[in-house]
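Note that chain A is present in both complexes that follow, paired respectively with chain B and with chain C.
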Partner chain A sequence: MDKNNNIFQKIQQLDRRYIYIILAVAIILPLIFPYNSKTYTTKPAENIYRMIDSFAPVFPEGATEEEKDAIAMAHDKAVMLAFWHDASTMSELFPMELSIIRHCFERRIKFFTFTIFATSAPIIDMAINEVKKSDPEKYGNKKSGEDYVNFGYKVSSLLLPIIFGMGEDISDAMDIDAEGRKVSSLPIMTNIKNYNDMNLVIDFSASSAGTYWIYYARPRFGVNVAVGVTAVMAADTYPQLQTGQFIGMLAGMKGAAEYEKLVDVFASTQREFSSEILRNEAEPIISGDTNLPYPFRQARIGMNAQSIAHILIIVFILIGNVGFFVQKHLQKNDN
Partner chain B sequence: MFKKTIPLIMVVTLGFLFVGFVFIPHKIAQDFYYVWFVDWIRAMSPFGLILGIMSITLAHTTRIRRKTPNWQYSILALVGLYFTAASGFIWGTQEGTPYMWIFKNIQVPMSATMFSLLAFYIASAAYKAFRARSAEATVLLITALIVMLGQVPIGISIFGEGIATLTQWILDVPNLASKRGIALGVGLGSVAVSLRILLGIERTYLGGGE
Partner chain C sequence: MYEIFSNWVAAFFTLCVFSFLYKDNPFYKFAEYLFVGVTAGYAIPLTYNMAFIPYVYQPIVLQHRWELLVPAAMGFLYVFTLSRKWNWLSRYPIAFGMGSVGMSVPLAMHAGVLVQMRGAMIPIQDINTFLVFIGTITILLYFYFSKAHTGLYGKVVRVGIWFMMVGFGASFGYTVMARISLLIGRIQFLIADVLGIIK
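Up next, the complex of A and B:
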């Protein structure tokens, strides 16, 4: 057999443009035609969910909506969402942000947002508006300054003063919100003073930026820190995750899909977290006969595409190696 | 003296004051940061921004004036910079403004396109270069296959939850062992370099080689 023209040699030298086309088709098709698949939740995602859920106010039985609003406003627990990424990594991080905002809205948990990247400031607006627009009946009445507040863009050189400052007084450290209002005058700040009340920071980034919080805020003020990171950065955060310095982690599209499912199964039905329910209950439907708006199932649909892409890459690796070994064997025989 | 000695004294003094702030809870050490240092940072930041805008404007106008290769992109960069900034100042940055339109329709698709190229490069590199040439490469290859299958629902559906458990073990044990080793090395290196800077031994940041 001519060693330069056999099929295995051709496999080795396949034009990479064919690989690109096959991969593009394999990714695009599941996005256009999503299918229902099972999402397996992991402990790091469940831990974040459970901690946020523990911040929810408790309402007396039979309380009216007005009474619930008043109780939620006076509640002394809040979550900080730090949007530290730009538009390039939105495909992985944005669904996480939507799910956590939706969780907070569902359980009437106060949340704050801020960023140190100028290019992230519009992402915060997009995320909050996307959740409100996707289900206006449920979330359309959520008000900035009462249910949540966006502190907006803060210059990165002020990061340390802000991190340390929030340990004393959040209103002082942030000063004004994204709409130019004095933070101390906002109703949401009732009973919220510092990290004792805002006891969870979730940092979304495409880097190991979340470690800033465990270097500076956690040792001094005891704040709980969690991260949402892109899949390629996930391996870097495992040391802090195992030591408990990060209470949880959402890793890439997979983490976002897990959180989407947790919100669907528990928060949207106002149920407490339970591993039993997760194990035994039927998987929420993400395609076909579903009323769930697209933004609330986009990570799970994205995981369909990622599944196919992973399988395809594995097939590519196997074909490439088969070609390599057969070619090597033929060369050895020729010699 | 102005180029070397004064900057060196500033770095060493402020460095030790910051170390004091972090490690000494006394009021004097804390006041240095909250009362004095924070105000300085607030005052300096706008100047940094102005300097950055001046620098990028000068660099691109020079390219346009000299008609260097691809100078047309410099026009695009400057128009993008000033128009986006102006639209934010004039109409605000909220939903429904031109600034948000630019962000959603230009910035997001362009950035996402750049990032998505990663998948194509990975696929191509995996096909062309990921070969079981040696025992080490074979271990790496098998590990990669397991982790790729264990991370997606389809892999768990085919091979059962055992593959997810095995993936988690790979991430928690061998991955962590190497990560910790690297982190310790980086940490010790950082402490050594910081000490050299604080003690004035490391001076390359001043522009000299000694």
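Up next, the complex of A and C:
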């Protein structure tokens, strides 16, 4: 066989742009024609879900909506969501943020948001509004200052005073929210003072920024820390997960898909978490006959395309390697 | 109307950036430069409103908390980085900032080293803890450079290399997933938000 003119040689010399086109088609088709695939949840995602869920207020049997509102307002537990990323990593982190906000809304859990990235400030508004807009009947009545509060953009040089300050008094440390209101005057701050009450911080970032919380807040104040990271950062985050410094982790689009499923299966149906249900119950439908708004299933649909892209990449790697070894063998024979 | 317009602007710049996959071109360059400019332009007034006004102007000018003039003046010295003659003044706030590193050392030592070491010193109960034990020991030996990696020692450190290769492979696999996710995110935006093909 001519070593310069065989199929493997041609494949190795293939213009990379053909690969781009094949990959693009492999990704676009499952996004336009989504299919129902299974999403397996992992312990790190389940741990975050269960901890957030444990913060939910308990309502007496037969309580009216007004009574539930009053109980939720007086409840002394809250979650902090730190949006430490910009638009470039939204495709992985934004679906996580939507799912967790949705979880909090479903279970009437108070949550706070803030960022140290100027370009992340509008992403916080986008995330909250996207959840409210996607299902206005359920979440349209959620109010800033009562159900949640966005502390907005804080300059990064104030990060350490803020982290330490929240150990004493969150209202003092944050001072004003994104709308310029005095934090201490907001109804949501009823019975919320410091990390004893806001005992979970979830940091969304495309870096190791979550370690700030385990360096500065966890040893001193005992706050629980979880992270939502881009897939690139996941491997670096596992050591802290193994030692329990992070109580949970959502890794990339896969982590977001897992959380979407957990919210669908449990929070939206007001059920307690159960591994039995996850094992035995049919997978929530994400395409075809479903009323679930697209933003609440976008990570799972994205994972359809992701799976096909991975298979394609594996095939490319195999073909490339076979070609390489065949060429090497032919060259050896020629010599 | 506003949302439709903003979506089409975003779609145009997404395609400008994607055009780089074909080859470098003026559309890609335009999008790249515009992004840098818009980011800086957005950050400056936001920082002015969210930092200068609440932490400098309001407390000093309106509430007369004069003691804050000291950190404000210290921060102002950063401006001198722009002057060749006076840029030595900007080193003072930097030096002050470096002082905070001292505070970080014991805390970082605790969370980054001691707790992680404790996590590695657990009884061998199953295959996972056994692998952690072997991996930690052999990789640490690999990074001991006062002995040549030959003979039996060389074989042991080779096991450490395998563990590291598995780690790099996992890291690379996650990186591929992340890059594909970025593409998926953009395509979802184009077909769902812009074209409305999927609801």
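Operating definition for what follows: the second predicted complex is superposed on the first by the 335 of 335 C-alpha atoms of A that agree within 3 Å, B and C clash if a C-alpha of one lies under 4 Å from a C-alpha of the other, contacts with A are read in each partner's own complex, and residues count from 1 in each chain.
In this text, a contact is a pair of C-beta atoms (placed from the backbone, for glycine too) under 8 Å apart; a residue touches a chain by one contact, two chains touch by 3 or more.
These figures come from a predicted structure and were not determined experimentally.
Trainee: Classify the contacts of A:Trp84 with the two partner chains as first (chain B alone), second (chain C alone), both, or neither.
Mentor: neither
Trainee: Is A:Leu158 in contact with chain B, with chain C, with both, or with neither (first, second, both, neither)?
Mentor: both
Trainee: One more residue to check, A:Ile311. First (chain B), second (chain C), both or neither?
Mentor: first
Trainee: Figure out whether A:Thr119 sits in contact with chain B (first) or chain C (second), or with both, or with neither.
Mentor: Both chain B and chain C are touched by A:Thr119.
Trainee: Of the two partner chains, chain B (first) and chain C (second), which one does A:Tyr20 touch, if any: first, second, both, or neither?
Mentor: Both partners, chain B and chain C.
Trainee: Taking the superposition on A as described, I'd like to know which of chain B and chain C A:Tyr294 touches: first, second, both or neither.
Mentor: In the superposition, A:Tyr294 contacts chain C only.
Trainee: Look at A:Ile176 in the shared chain and tell me whether it touches chain B only, chain C only, both, or neither; answer first, second, both or neither.
Mentor: Second partner only, chain C.
Trainee: I'd like to know which partner A:Ile28 touches here: chain B for first, chain C for second, both or neither.
Mentor: Second partner only, chain C.
Trainee: After superposition on the shared chain, which partner residues are touched by A:Gln245: those of chain B (first), chain C (second), both, or neither?
Mentor: A:Gln245: touches chain C, not chain B.
Trainee: Following superposition on chain A, which residues of chain A contact chain B and also contact chain C?
Mentor: 20, 23-24, 27, 88-91, 119, 121, 155, 157-158, 231-232, 234-236, 239, 242, 254, 306, 309-310, 313
Trainee: Can you tell me which positions in chain A touch chain B when the two form their complex?
Mentor: 14, 16, 19-20, 23-24, 27, 37-40, 42, 86-91, 119, 121-122, 125-126, 129, 155, 157-158, 161, 164-165, 231-232, 234-236, 238-239, 242, 254, 303-304, 306-314, 316-317, 319-321, 324-325
Trainee: What part of chain C is in contact with chain A in the complex they form?
Mentor: Against chain A, the touching part of chain C is residues 21-22, 39, 42-43, 46-47, 50-51, 54-55, 97, 100, 103-104, 107-108, 110-112, 115-116, 118-119, 132, 167, 170-171, 174-178, 180-188, 191-192, 197-199.
Trainee: Hey, which residues of chain A end up touching chain C in the complex?
Mentor: 17, 20, 23-24, 27-28, 31-32, 34, 88-92, 94, 118-119, 121, 152-155, 157-158, 160, 175-176, 211, 214-216, 218-220, 230-232, 234-236, 239-240, 242-245, 251-254, 294, 298, 301-302, 305-306, 309-310, 313
Trainee: Going by the contact rule set out above, which residues of chain B touch chain A in the complex?
Mentor: 33-34, 37-38, 41-42, 44-45, 48-49, 93-95, 99-100, 103-104, 107-108, 110-112, 114-116, 118-120, 122-124, 126-128, 130-132, 141, 144-145, 148-149, 151-157, 161, 164, 168, 171-172, 175-176, 179-180, 183
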